[in-house]
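Each of the next two complexes has subunit A plus one other chain: subunit B in the first, subunit C in the second.
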Partner chain A sequence: MVGVCQKTGRSNDLLYSLDFLGGLVLLAGFKNLYTWADPQFLAENPLIAAKAGYLNTSSFIMRLIIFCGGWVLFKWFIIGNSIKQDQTGDANLTHKNVGLSIGFILFFSLSFSLFSIDLIMSLMPGWYSTIFGIYCFSGMFQATFAVLALMIIFLRSQGLVKGYLTEEHQHDVVKFMKGFTVFWAYIAFSQFMLIWYANIPEETEYYIMRSQNGWLGISFGLLIFRFIIPFLALLPRAWKRNNAHVTAVAFLILIMQYVDIYWMVYPNFFDGQVIFGFWEIGIFAGFTGIFLLGLFTFMQKFSLVPLRDPRIAETISHHVTY
Partner chain B sequence: MASTNHIDLHVSQFKPSSNQKTLAIVLLAIGLITFAIGVMKSPERVWTSYLVAFFYFSCLGLGGLFFCGR
Partner chain C sequence: MSRKVGGIAGIFLEETQVLVAARKIREMGFLKFEAISPYPVHGMEEACGISRSSIPYVTFVAGLFGCSFGLWLTWWTSVVDWPINVGGKPLFSLPAFIPIVFELTVLFAALSSVAALVYHCRLPHHNPPDIDPDLTSHKFAIYVPEDDKGYDAAQLTKILNELGASEVKKVAEY
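Up next is the complex of A and B:
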């Protein structure tokens, strides 16, 4: 299982370096997004001003650079070792990557949580949820498995990795995709239920904003299209092995990941109205273009499979027995 | 120890078709043009949609990296 994820994941990853540049560009528009960056707003809101030790421009920029820089460095070493191993066959590089991966998990768990809080949660600086980082993490993993499933189906349909990626691998990735569909719903419900039950005005405001001006339909849409439909559609064993079916569900999950982030961000702007059009489509198209160019470049330049990885044989003979 | 004796194994190099490359470049161009116009005409709207797209693709890239470790 790890092997198959590595095969497809390392192609997916080059995108991050390109995306890192996107983070630097974001800093240019930073003042348009975060009210806490405005000194006048802070002067009028002492409760937000009390958070200035964390929510201030210089520490926000520093954290963004540390997080993105750290991820790029881990990418550089982990993927670099994997590529080096393709050429040299040195098994020690696998052991080096084990150590790096342990470090990455520790760094990732803290950095991604704070990254989500900085970029998304702080758009509404008076509101907080201690589970917010995990909510973003669950959505991220569900979407990542959708991408992995799509890449497996694409690579298999093109006959590019004969024997290395099979129906068995696809089945397992789709099981994880379903698992994280449930996990996302569990975290989303946990966040909602605790806020609803406690009924504290500073917390309920988040959901009140998302239950008016047309946002209620999108809130229910998330429940239906991000959880109920993917969950039911991925239950039968045979459907997990049906390429057309998995492709449709994976695309639905990817669309809903966008809707979810949109749902977290947009109610804070434009008087809380639902607004979508040319600008959103155009910007998303640009990122998709970068994504595809990065993917094509990596896949064209390097082997699609880490052929000299000492554990490759274990991944080839993988069978789902239930 | 797993055996691979009876499995037909073959890896080919991926070569994107010209249509695939063109599609990626056209999408990128649309994004750049939208961004350039939007920053002047409707900055709040463009930066908001930029944040959504940036977070979306950061998640996908980071998720890929997560699965590259062992």
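Up next is the complex of A and C:
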């Protein structure tokens, strides 16, 4: 199972480099995006100036380099080992990858949390939520499983992984997708409820912005289309094994991931009006295109299944009990 | 009081053999036979012809009940029975009640699932009798009770041996 998924997720290192490039593009409009980078704004807002030890341009860029660089390096080694194993069949590479993967989990969960605080939360430098990093992480994870489910359905429908990646594996990935749907709702609600309950002005600002000027509908839309509908739609076993159904739910989740990020970022600009147009779609489509290009070139070059992994036999006979 | 029943047990050393044996025994028309294994064997439910359990439905209905009960309980206690103004918030403040509703949903769903499981497995009724202590560590068994339809000790012994059983024994009643 892990082995099979490992390969389907192998090509993401390109995306991490892209994240970094995307981050560099941000620097062009840095002062317009991040008010804390503007010395005049800091002079007027001493509370935000007090955060300058963390929120300043040079350390922001340095963190961006460390995070993205770290992700690329980890991917490079893990996937490199896997590709090497395809050729040499050395079982030790699997053990090496176990260690590397544990390190990656630690590094990624910490760095992604800070990454989302840097990129999204600091758009509104006066506001803070200690759970924000986990909120972004949970949404990212849910969307990851949606992508994985779509990729598995695609690979299976093309007959490329016959006998290696079965309906049973697919069922497990969809179960994870549902699990992280609940996890996202749990984190999103935890963030909302504490802010709503405590009712402190500097915290409620975030939700007040998102309940006016047409944003209220999108806020409720997130609750309904990102949690309630996927949750109910993924409950029955038979539905989890229905390709057309899973594809539809996975696309819904991916669209809602986009809406979620849009909902986190956009109310901070444009006087809180909901605007959506060519730029929003175009930039997303561009990144999707580059991601898919990287994915398919990778799949053409290397074996989809780590055939010489010592644990491959165990994974193939996987079976989900009733 | 459960009726005392004995039967024939074939003991196998390999997972693959016991899968084949379970399928064969089922195809012979036995209904009450058991496959015993120290760990879950992939494909065993199918080989034994076990249909899907009804426990998930119990969980779902109990969860729905717990959810509605939680909503009713929080509404009744804070609006009807003992209204208190907390921080100027409405009496029925849904966000504050969600954790209670959630916990009650989980509590009802989980406890009902366990109850349904106990009922479904007819616990604490113990069936079949003790066959071999090694069945909890590395051996597998197919056990056919003598009250099953078409039970024939001699024929069963022969078939289990043919299927590769390392040992076939008559299990004493208990």
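The definition used in the following text is that the second predicted complex is superposed on the first by the 312 of 322 C-alpha atoms of A that agree within 3 Å, B and C clash if a C-alpha of one lies under 4 Å from a C-alpha of the other, contacts with A are read in each partner's own complex, and residues count from 1 in each chain.
The working rule: a contact is a pair of C-beta atoms (placed from the backbone, for glycine too) under 8 Å apart; a residue touches a chain by one contact, two chains touch by 3 or more.
On a predicted model such as this, the values are computed, not experimentally measured, just so you know.
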Partner chain in contact with A:Trp215 - subunit B first, subunit C second, else both or neither: neither
Touched partner set for A:Leu235, first subunit B, second subunit C, both or neither: second
First (subunit B), second (subunit C), both or neither touched by A:Phe192: second
Touching partner for A:Trp127 - first (subunit B), second (subunit C), both, neither: neither
Partner chain(s) touched by A:Phe278 [first = subunit B, second = subunit C, both, neither]: first
Contacts of A:Ser317 with subunit B and subunit C, given as first, second, both or neither: both
Which partner reaches more residues of subunit A (counting touched residues only), subunit B or subunit C: B
Shared subunit A contacts, counted only where both subunit B and subunit C touch the same residue: 317
Subunit A residues touching subunit C - in the complex, by the definition given at the top: 189, 192-193, 196-197, 199, 235, 237, 317-319, 321-322
Complex interface listing, subunit C residues touching subunit A: 40, 42-43, 45, 50, 52-53, 56, 60, 87, 95-96, 98-99
Residue ranges of subunit B touching subunit A (in the complex, touch as defined): 1-4, 7-16, 20-21, 23-35, 38-39, 42-70
In the complex with subunit B, residue positions of subunit A that touch it: 2, 5-6, 8-13, 15-16, 19, 22-23, 25-26, 29, 32-33, 71, 74-75, 78-79, 82, 94, 97-98, 100-101, 104-105, 108, 112, 115, 119-120, 136, 139-141, 143-144, 147-148, 155, 158-164, 257-258, 261-262, 265-266, 269-270, 275, 278-280, 282-293, 296, 299-300, 303-305, 307, 311, 313-314, 316-317
